[in-house]
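In what follows, chain A forms one complex with chain B and a second complex with chain C.
And now, the complex of A and B:
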């Protein structure tokens, strides 16, 4: 983690203005999963389009060489954070968990990329490189449940979406095909989630871990009461974008045939045909058994019926708007590179014109560009309603070995607490079972080893026995709380804070509220109940100095960011109510689409990528109508 | 002991400190790297003293019928000069990293510019013995195969 060695802050730069404006049918800002899906959908449904894709960061979708360097960088990273394998240029920085500190104790955060005014730190991060955050994501692919779209009318909390689960269903299907999701449909018919008749997921569920099955047996028949209702504590497999065994009954609507072929690594397709148990999904799957957007980009760049150009190291800083038509007339970007002798940065300013312009640079970056351009001003909602999943971790030692540190980061959860009448009072949560010991909360196995050597004075066979005993009994649970949209949770920009390229750094104002704090309390109660039943020796510990520490009703809790950023250019019924419509078209600018998690009106409890991918397919359909 | 014997003596000491046989240690392919790092931080004279001291302990163990492990644990590990070095040797083998020596040791013995937190190499990360101790494999390498995470531990 840290600045790429190529970019030295003292080198002089050369600026060059390009004098002609290139014309395109579609300009897509951002080569992550949203940009890639929109591009792929367009090149499959249209012919003869001239498409430009711009990405702020590095990388390509050509071969395996660049990815191999990411793997190497991971091995050598001192702090193995989610972004640690990937390039991080001061010209287009990505946020880092290493910048976080407790704002109450230490004041606003100004180092790193985010400027955080608080009062509570925004704990999540994302990745600004070709492939985007799917490079480091876990791969969890959950559909939202029907009530998630109508929190206001069902529970009197938050807002309703201008669309329903049923309307998004056909797009969820397309997303599950593109990503390649492994799950069994029968056990996913929960929380009111329905599927088309005869639907199955492209691949069978990823085998549950020994830990999952151990917990399942130990918790059999258990329930917990919330708000006067009993909820089963049931361990259920998590649908995930990770290659498993293809389901012969899968019907591919595109090819109109049965079966599914897993997509392996870009440039090395024989790799990653199945999850091989590298146990490193976050931050990098070394064989690309896990889906990442490079796989979709590969298809985009290989198509022959349209012209697609992908330019990396080209962050967009502003959109030019025609004052009369309100059409987006220019997309302004700067390209950065290093001179051959490695001593100077080369920076050039460009503009391009697109018949249709799509912002797909992630929730915060999209909002940043809109604010810098003074675009989409009618609703006053740009940058506002920033939401995240706060994840509370609880952890301990089981009475027997379960073989932690094996397999995907999480193969199951306890999803039945994702919806219920309690949502009228407190946030719902999703429960995730973690397979990697205490890696997330306590940086194990390293901290277990160091503690054994330094504090317990162990060596030799005693050391091995201790590590073996303690390590293989470690497990953790993650309690992922939803957040309600609030205007005061927002990003802003200011001339006081710019990066090395002169582009704005996001300034974040963020709070957590009672709705979530009550959920933390309920989650703690459920965790205690589970730990007692399984005879877990609890080691959960929250410190006042933790960045995400807060107190509620005499008790301290620490939460972490799940990496889910949502809400900053919300969908609405009309221009007063939202920034974009149900197709993610900007109300204020007829040729602009602002796509991504920023369009989501509520975050609920599902990891947002699958929903975002579904919305991207819907958006691509609307854009295709223009051609 | 002359310097050409230092490496093999280092492996003997490492085997006792880590609890793994010398063949396992040789199998990692990282022994030379760890030896070189130790030499770079401590300097060859001190390294020689460490290894000579250990060789003396081995002789003592043989003559008074004691296990070398016991003598190492009782006399080397608590020693203010040799203890922290031994711990760092253990950490190198288990984690593949060099950790900075404690401030007291730096003040009293050697304050070397080589004594910085460091991941010694890709290979040292991959060959870290902590994963073997856990009955698993390093995150991102030596993957055991599809579905193996469903089986009981240590199987």
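And now, the complex of A and C:
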């Protein structure tokens, strides 16, 4: 977003909204999964509430047509990045992977939405549109394991949570119903993760890929030793927010009945009732068999007992705080639109009042709004402790065809390395088995074809045979390292960096440390062992020019972002220790809730969405008691 | 001939079109042959001729539901999709995507009906015969056992195609008697089946038995059937069989008083219009207004901007042999092999391997891609394109 942007060539008209401040029972900022779940939970348990939902993005796919347009935009996109199918407005931009570079080599990153001061680039992004990042997520729905909530007391690292796995368990169950998770309890009872007696997931597990089964067989009985303890290298299916075969034994606590009906596409409910294996879950599931928050939102907007208004293209930039009571008095937002002739931007500023205000925007956006409002200052933790999973990829060719590029991006992993005594010295990691060949590390299959034509000079039948042979043997593994909370990994705001609407752009300071680097080394060792056992011809290569390249003890590694942004308004026992309490209520402001992944104290090794969804249900319960 | 003007709006298309005599004769002849073949095949060994009649009628009902699907598919797949991100999309394609959506929703409900009838047939211990060459429609066709008043063919999306679809889904006028043979509306035919089924079950009850002796494991349930415009019903007694028939009739025709089916009440779904009225919206180029409910009134809502020119120019009722070029003929042959495989897979699903429905779904996708590929290709020397021919290729028995 340089200062000579294309948008400034438009005549911009800004109007001050002269209407009196509108009053609401609840104002929810952000229409992603957290905002949608809180709203849905409220409209189900309350009557007569007047709720306002504000979303920054220009994309609003509540109707099927708009979603179909996203599909077309994806088909047309040359670089099929996670945000490529979705609208991106300079008035409320989304971060993009295309803006990244190696900071050590090329200096701070100032193009794009994020301002990155480094020294290490923050590699992840998110989506600012109605539905949020669930539009492009993969759908992995892992629960955290009990030790993840007490990392400090168990392993002397990081911090403990002010809540336990057991306390979150009933909310995990609600989240698994809302998202519609496909998995088998028998396989997920690992790492101390318990389930209620007789619990089953709403749907049976998504069938494991041929590759999963091939690896499972090839690695049978194998173990790896970390710090003197043997860990089984076991392939286990991954719970997914993706429609599969309903489990008849599923007991729905809400309706007090058995069975589950998968929720299809929004506006075309007969579509997407089962995963069809279209193999582009990221960036977009064409039939919405993968959960997205639009599904939850449709229930919110269809409710008849409460009034809900959802306004998009309405980014919130500040909260007004009453100096005496510390209550949030106003929510300030701007609306943007393009004039009918497409030549002018129409901008207006607004304010609204809510008895309860919920910040349910992205972890970084929540922090940005709090910082801009000088809210929640007691703990000094707002914007700090930014965490992500660092994903190292290893890839190679298997000796035989394993049917790459079919089905969901990943259907299994090796989760038994997610917890263990090694965590006192190095990060735990989750191992993900990728079904889409080298798509992530090497942009295959397109690059396979280009390589065959340009470098090998193949054509005709030889070319087809080559692509078929290589393409069906490509495979990769992902190694996702946990990160510890650190104050130096943080978001800041500055008047020097604003977007087209005049709202702050996030300035990110980010480091990786020895705890993760040691994990990278351990993962590399485990990868080598697995590749040897499966006779994989390794093609892994890490380049010094990679944005996420680092060296450790004489070896180079490249990591990527996982899109799991956590920790920017962490929960705590008290106002000194955290920004919010276990219900995600701000310690400093009695009528403010700050909800989302930003509340998580540690990231552990699970993709955070399921835990975020569980927390949202808990928060909604607390809000409902106010009415 | 009745006076068309006297009829309610939605019954006016019941009168036969003027098919030329030769065509009508051919249709009648086709029907007669297939019927004779059927009788010769399945009469044996059944003592109660009326139970046999029930089985046979249910098989015909399956054939009937099945025979509507290829024509609907041809119309649906011939509509070009366009690129919604282009600025001229709306001007070029108008509401064609809405039209596709309407046709697709009807087609999916036909699949549900096919499956429901299969469940009923299995419940009364009838034999499933999906791949019997005498039951697989050959196009153009008349609806099996109907009065044969109109031709059902394979053609691209056009006003003519929609007119035929309206004829297929024609609601039954009040006071129309149930009729097995020579029915004019599908509702008439189903009513006759329902009457016979009730009668047989009543007699069976008196003898302390039931006609619903089929094995429960043969029923297709919601685990395997999904997505097709409503929930599948497992059939195990008269009540569940009647519930299944009710879904078929209401989704198809609506009721005497409503253009909507009862899905919303039954399944907590969004209010859904019966087939006839969905097609009527396309035919009239106008949606029914949200407040409209009376089947006797024409649609009075927003205009549907239909662009009949954004359609693949598929040859009508073509056969593989018409495609001239060997490549096209091979593509067509491949399509027909797939289509035949689909029918065999469906038969397996109804005869004890319900999980074969998962395989069937995969085949349906392949069929779609192959059908569109055919439609994109011109037939050499003619100014029309190829298209799916839906010619059944029976397996050679070892």
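Methods note: the second predicted complex is superposed on the first by the 608 of 627 C-alpha atoms of A that agree within 3 Å, B and C clash if a C-alpha of one lies under 4 Å from a C-alpha of the other, contacts with A are read in each partner's own complex, and residues count from 1 in each chain.
Keep in mind that, in the parts below, a residue touches a chain if its C-beta (ideal position, glycine included) is under 8 Å from a C-beta of that chain, and two chains touch if they have at least 3 such contacts.
In this text, all values refer to a predicted model and were calculated from it rather than measured experimentally.
Novice: Can A:383 be said to touch chain B (first), chain C (second), both, or neither?
Specialist: A:383 contacts neither chain B nor chain C.
Novice: After the superposition on A, what does A:276 contact: first (chain B), second (chain C), both or neither?
Specialist: Both partners.
Novice: Could you figure out whether chain B or chain C reaches more residues of chain A?
Specialist: Between chain B and chain C, B touches the greater number of residues in chain A.
Novice: Touching A:76 in the superposition: chain B (first), chain C (second), both, neither?
Specialist: After superposition on chain A, A:76 lies in contact with both partners, chain B and chain C.
Novice: Kindly classify A:463 by the partners it touches after superposition: chain B alone (first), chain C alone (second), both, or neither?
Specialist: first
Novice: Between chain B (first) and chain C (second), which does A:471 come into contact with in this model arrangement: first, second, both, or neither?
Specialist: Only chain B; A:471 stays clear of chain C.
Novice: When the two structures are overlaid on chain A, which partner does A:406 contact: first (chain B), second (chain C), both, or neither?
Specialist: Touch partner of A:406: chain B, not chain C.
Novice: Report for A:32: first if it touches chain B alone, second if chain C alone, otherwise both or neither.
Specialist: neither
Novice: Could you list which residues of chain A make contact with chain B in one structure and with chain C in the other?
Specialist: Residues common to the chain A contacts of chain C and of chain B are 72, 75-76, 274, 276, listed in rising order.
Novice: List the residues on chain B that touch chain A in their complex, please.
Specialist: 16-20, 69, 72-73, 77, 86-87, 90-91, 94-95, 99, 117, 119, 121-122, 125-126, 130-131, 133-137, 139-141, 143-154
Novice: In the complex of these two chains, what residues of chain C are touching chain A?
Specialist: Of all residues in chain C, those touching chain A are 83-85, 97, 101, 105, 108, 222-223, 226-229, 231, 269-270, 361, 365.
Novice: With touch defined as at the start, can you tell me which chain A residues reach chain C in the complex?
Specialist: 64-65, 68-69, 72-73, 75-76, 245-246, 248, 259, 261-262, 264, 268-274, 276
Novice: Would you tell me which residues of chain A are touching chain B in their complex?
Specialist: 71-72, 74-78, 80, 207-210, 213, 244, 274-280, 284, 286-287, 401-408, 411, 435-436, 445-446, 449-450, 453-454, 457, 459-464, 467-468, 471-472
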